[in-house]
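Submitted below is the structure of interest, expressed as structure tokens.
Read from first to last, the chains carry the letters A, B, C and D; within each, the first residue is number 1.
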Amino acid sequence: MSTSTQNTTDDPSQKHDATDLGIFETLESEVRSYIRNFPILFTKAKDHLMWDADGNEYVDFFSGAGALNYGHNNPDLQKKLVDYILRDGIAHSLDMATDAKKEFLEAFQDIILKPRLLDYKVMFPGPTGTNAVESALKLARKVKGRDSVISFTNAYHGMTLGSLAITGNAFKRTGAGLPLTNSVAMPYANYLNEEMDTLAYMEHFLKDNGSGVDLPAAIILETVQGEGGINVASLAWIRDLEDLCRRWDIMLIVDDVQAGCGRTGTFFSFEEAGITPDIVCISKSISGYGLPMALTLIKPEHDVFGPGEHNGTFRGNNLAFVTATETLKFWQDDSLTKKIRAQEKMIEESLGKIVQACPKLKAEHRGRGFMQGLVCHANGTAKDVCREAFSRGLIMETSGPNSEVAKLFPPITISDAGLKRGLELLEQAAAAVNDNL
Amino acid sequence: MSTSTQNTTDDPSQKHDATDLGIFETLESEVRSYIRNFPILFTKAKDHLMWDADGNEYVDFFSGAGALNYGHNNPDLQKKLVDYILRDGIAHSLDMATDAKKEFLEAFQDIILKPRLLDYKVMFPGPTGTNAVESALKLARKVKGRDSVISFTNAYHGMTLGSLAITGNAFKRTGAGLPLTNSVAMPYANYLNEEMDTLAYMEHFLKDNGSGVDLPAAIILETVQGEGGINVASLAWIRDLEDLCRRWDIMLIVDDVQAGCGRTGTFFSFEEAGITPDIVCISKSISGYGLPMALTLIKPEHDVFGPGEHNGTFRGNNLAFVTATETLKFWQDDSLTKKIRAQEKMIEESLGKIVQACPKLKAEHRGRGFMQGLVCHANGTAKDVCREAFSRGLIMETSGPNSEVAKLFPPITISDAGLKRGLELLEQAAAAVNDNL
Amino acid sequence: MSTSTQNTTDDPSQKHDATDLGIFETLESEVRSYIRNFPILFTKAKDHLMWDADGNEYVDFFSGAGALNYGHNNPDLQKKLVDYILRDGIAHSLDMATDAKKEFLEAFQDIILKPRLLDYKVMFPGPTGTNAVESALKLARKVKGRDSVISFTNAYHGMTLGSLAITGNAFKRTGAGLPLTNSVAMPYANYLNEEMDTLAYMEHFLKDNGSGVDLPAAIILETVQGEGGINVASLAWIRDLEDLCRRWDIMLIVDDVQAGCGRTGTFFSFEEAGITPDIVCISKSISGYGLPMALTLIKPEHDVFGPGEHNGTFRGNNLAFVTATETLKFWQDDSLTKKIRAQEKMIEESLGKIVQACPKLKAEHRGRGFMQGLVCHANGTAKDVCREAFSRGLIMETSGPNSEVAKLFPPITISDAGLKRGLELLEQAAAAVNDNL
Amino acid sequence: MSTSTQNTTDDPSQKHDATDLGIFETLESEVRSYIRNFPILFTKAKDHLMWDADGNEYVDFFSGAGALNYGHNNPDLQKKLVDYILRDGIAHSLDMATDAKKEFLEAFQDIILKPRLLDYKVMFPGPTGTNAVESALKLARKVKGRDSVISFTNAYHGMTLGSLAITGNAFKRTGAGLPLTNSVAMPYANYLNEEMDTLAYMEHFLKDNGSGVDLPAAIILETVQGEGGINVASLAWIRDLEDLCRRWDIMLIVDDVQAGCGRTGTFFSFEEAGITPDIVCISKSISGYGLPMALTLIKPEHDVFGPGEHNGTFRGNNLAFVTATETLKFWQDDSLTKKIRAQEKMIEESLGKIVQACPKLKAEHRGRGFMQGLVCHANGTAKDVCREAFSRGLIMETSGPNSEVAKLFPPITISDAGLKRGLELLEQAAAAVNDNL
């Protein structure tokens, strides 16, 4: 079918030059960013591959910053999506009832919640991660009647005002043009060093009536910090945090926008730790096709918003519901988890090799599941590695407060061959940077 | 084609019962709202029509709260969308360059900006109206180095913390769980009565060094307030506001999320007034297909965000770019505007009839273009009218702080026959409510 | 006695030159202000008179900005004060019990509260007006569980962060270096013109669920605005405001720091209006001798602070209690009120004369009791009048957002002769300014 | 003289009963606190002694919470004060020039600033510690153009909104009825234990662009925390903090309201550390007589307030200037410092004895100079010790977030005999509590 419907005038390779980015430079705001790292016109993508307008092929170890965990244009999702569109399924419905939404809810309950013994009400906020986070913050403050929320150093939760107040990055915070208030930054696991018990430290502030840190409505956690530099909290630390929250009657919010939907190997990133957050924020790969969608999962006892107390025009993006439902089939058994566990080792081996082979990068390896990073302590070299990688046909971004981490985010559905190819390109890129130092 | 690809297992009418909403009631959060007004399972839509799972047909005078100005599943948009998907076009790209984005930018420049002599840089914030508003607020505060923003009574700008602070509705404001700060509410046009010059009043506060109202970074305006109750500012008032902003060096932000994209008859709602805002927020119908997308238009001299200073995962929703580009063809000439102007009169006549025929509603008519409302001063009757309408197969919502306005939002592409049918259903519904009082 | 204890080395006229202000110019911060208007070294004062180091005499129509309502060094107060000091009475006691505090409480109850049928608990905040206001704001927010407080245009309530947020003056607000939040400025009586009903306007915002103005914990009122420009609210307006507060369950705070302690003719400025505020802030002239002292009066049902929840080192300034007790004797009968009423007419006549005789000042007269002002609409002329007055030996300041009001604040205990002399100096000064225009 | 002027009707012992506190209980607000710990009517005081209305004598180890460092009614101060009053010196002058203010400025420059090579401009804020702190915060934010201020755990800076936001105590913070914003609490010296380098920890947050802690305008320090529990920062730590502030371009504010004016043995508490803060807040004992007065000392390059940008009615409390000038004579040589150093050892020995003799209190000793404390880790015993002490005629208060520290604040001018007597009473009280456990 894909051939028959393709129409020659729509073939982008006949219309565009891959290096002509003039309209972006003249018309788009200076706020544009990734186009500066990957200055090429892309026109096609499938699974872990992308092509530019000149037909050059790229391996994608970026995955839409975690929004394309199942790769580009997954054929099963694609088929469901096109069928739904062509039969005039409802595209946009706010929070009216549609069959697409109903089927998603049923599948989410049957495949995700029930087998994990999770009892959550499902809220559809606006279709972005920051909207899920904003709804979670509002809800926690309403439930507890407290103003403040504790977030962690190097947290990233979004760019709207409420989420930005709990985001660590100084450059992004400055963008607010306002003091960012009602939040307290506490040290993440291993923030200063391996020895300091950051939770004991935080609890000391809670215990001390004179600490100046008010009892918060909630603590918001990323189990692995993606934007913050692939910082991994141990499962024990995560469990201790949940325990601390219970003892102090603080709500625990897990922002699983980036680490969720399989990125760490299980559907939720917190499954291995065995905790049950009060609220879970989900977005990015929930639709599986890169379509905007977000969920806020709420323990039933905290489901206290009145009708419409939080809303948004695009909370009913049914095309996303259709593909989201289809992705859940990946989670009907543990085969995907097993595959990720196996391939995770391939990634770690490759990164271990680079650390050894490229001493000038002063690199170390960090990560969990398919959230892996090569921390390059030699100043600027992580960016160099990504630049070199791109010139070799591998798409990767950096993260961390000083862009010091080359971040590996391949699709979790990638084949062994695809993964190997990408890792080889990375090894070559790292070696080239190392040799030039 | 629609028939051939339709596959029997996907036929929702064979799988669903229109009145079985159990999963929504048990699993979805209590925050759900429209499903309470329209308690039926919808499965299909085309143009101004929707169908439920039992095959019942509804006329849609709601249009996704303004996100479906071109109707449901417009065939031209549908074709472009499916073609793009099937040729493995990039679905999700953050702010990397794609052909879909390039074509949108070119068309937006050629068809929208240039003919209107508008010189704006285009920013792609997260794909929701509130994200466009948050980016506008951040930018204005950064440009002017001032904290405060003036918004108007009964304004609606979104549910994330920054936008909520400039939204009037008390119920929604309470949801924040926090004091909402750095904003001042000033009276909208004709807020108290027809006589009071609300701009002179506001300017008195600005002039008076002792007023306690700080010089704001920006004033944010909806030219017609949709959620606030179909309140219409006159073109003269809008021009005077722009003039006031110029005299006081205040940025003028037009939130055209709901009133833009043709809803008032022109692409931007402020065209008739002849003003040039410093920032324009666009979302809802910009994709034309109900797909999440938003734009922040910025005068070049204010384009001061650094790369990535505001960002978001779904700013590159390419499926939306594809349909958005296609919608711009409607604006290549003035035929759509003329059609809207003609049909606007049909709506006004119908509403005028109702006002006369249904005295117990104590109704009056308000509106501009295809933003029309029947204000029912008899307590609760606007809701009754909408309920009656739905029982007759017409979908309409209420707006206003006390849900006192029955709001007519038909697709701007609706046929005369479709419009007439909807208006007749409304007239019947109003008569029924009136008779029962 | 005054002679015998006076010691020649302490005679300032032998040690100081009235025009040598060098140490102030080199060592004191640029924030100093009144010394710039009255650039002379003062060394002695009695009743309504002050003397500089060279022995020049000045009539004081300033009265320490309302802190010296009973004149300088009132002999009865002076005697009590010296006796107390010499018998080693407790000078400073925080909120421990002392005889001086006990006697003040008893007298305040017997002479002030009981005869006026006022049932208030007395709180001693830190000994300044802003401290009384801060304690009132905290208490109101605690009692009502609401964040916001409504204040009026051109209000002046103090310079600490909470009070500054409800103060109108833009220059002073800027000093905060922070956004000033949790307050809303509403138009004072006759703010725009005589016709507009500013309370109806405010109530419209409260009634409208979409106004964007949250229900406040309290409304804070100065019955006459001193710093704001001698703006007088009518008794009817004040009563209507109390009524509005009752209907909306809003606490009414009267900031009587400047207008209280007899300045308007009665002990409290709100007595004539017949209202009973929920909280009253008192300071300035409560000690009667210019000694720092403040009171927060609280209806018993709102007395909800826990022990020490608001405190301060100098809440027990016993020297002030001693003189404060003595001042209350002025209020044992209505003789002082009658005297003020009579002299008020003298002031009004004199100002009326100036308005007539000095047309170039474009002056009008405003005021109530001994809070009188000559508003000079000709730009800068109020300052000129005060400068001319000072050169003639009359001390007066300006007020209003643009220093457009020459403010008459003679001691309320001034003799007819003293008042007449001051008024004549003012008339001469005004005439001189008028003639020079 | 004291006898001759004493007048029998003013003799409080003839008028009052020491245990009759009825008027306080019925008329004063529940916010009253010290009267609950010391429920007796005091009528007279001299040096380190107080007497109640029945003539009972008490040793004062409280010193007005540090406002009476030179004891009660110091005869030299008393004489100057009475002379000034009797010669009709100006009592209240706002910030007009008076001889009393001039003499204070000259003496402060000559005796305090010059010999210490300190170059400060002197600002007179309202006459309370919190007013000095509020003015310092405003100034620092204005100078640096940054919003946030770092304060320390268990800091106490005052009760008005700006100061309260940087005060640690949870009970007092709750009183605000508002979120307290624009401040960050960092761990004071030895906050968690002796090992953790709390400045390195804080600097880690400043260095890390992703920490979520914004670069502050200022860091505000008490060199010894009085209210916070007699927590002592080492001189090295204080120097390191100054160094950190210089490296990060952060203003260093020392709140010397309680620790200054000789309490630690030198006039400023930071002299021994050898640092030069950007701003110093002084109040409490600056007048030496318990009269309300405060100073904000500002490095000349930061003296950027405009005239009147911060003001206050009682900034010109001339009676306080008179006694303040007289106190400076104590600092013309180092005799007072030497005396304090000698007596400090007596206190430490006594506390050491108690720690040994009273094991059930689980006590330890903390302090510097005349800020000494007995920390009683056995729950509630510090309060018991103070209660027992009071019953024996010794006035002491507790401090610390859980009132776990018995705080010794004798006058710094106390005689050896007086100090010994107080310490013996404390030893007896501690023993009694220990024996009863």
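Following the convention adopted for this analysis, a contact is a pair of C-beta atoms (placed from the backbone, for glycine too) under 8 Å apart; a residue touches a chain by one contact, two chains touch by 3 or more.
Remember, predicted model here, so these are calculated numbers, not experimental data.
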Which of A-D and A-C has more C-beta contact pairs: A-D
Maximum centroid distance from chain A, chain identifier (CA atoms): C
Inter-centroid spacing, chain D versus chain A (mean Cα positions, whole Å): 51
Distance between chain centroids, defined by C-alpha means - chain A, chain C (Å): 59
Chain C-chain D separation of Cα centroids, rounded to whole Å: 29
Multi-chain contact residues (two or more partners), chain B: 147, 171, 178-179, 182
Complex interface listing, chain A residues touching chain B: 1-2, 5-7, 10-12, 15-16, 21, 23-24, 27-36, 38-46, 50, 53, 64-68, 72-73, 78, 81-99, 101-102, 105-106, 108-109, 121-131, 134-135, 137-142, 145, 147, 158-163, 165, 171-172, 174-178, 182, 217, 257, 283-284, 289-292, 296, 298, 303-314, 317, 319
Contacting residues of chain C [partner chain A, same complex]: 178-179
Chain C to chain B touching residues, read off their complex: 147-148, 151-155, 166-171, 173, 179-185, 191-192, 196, 201, 204-205, 208-215, 228-229, 400-402
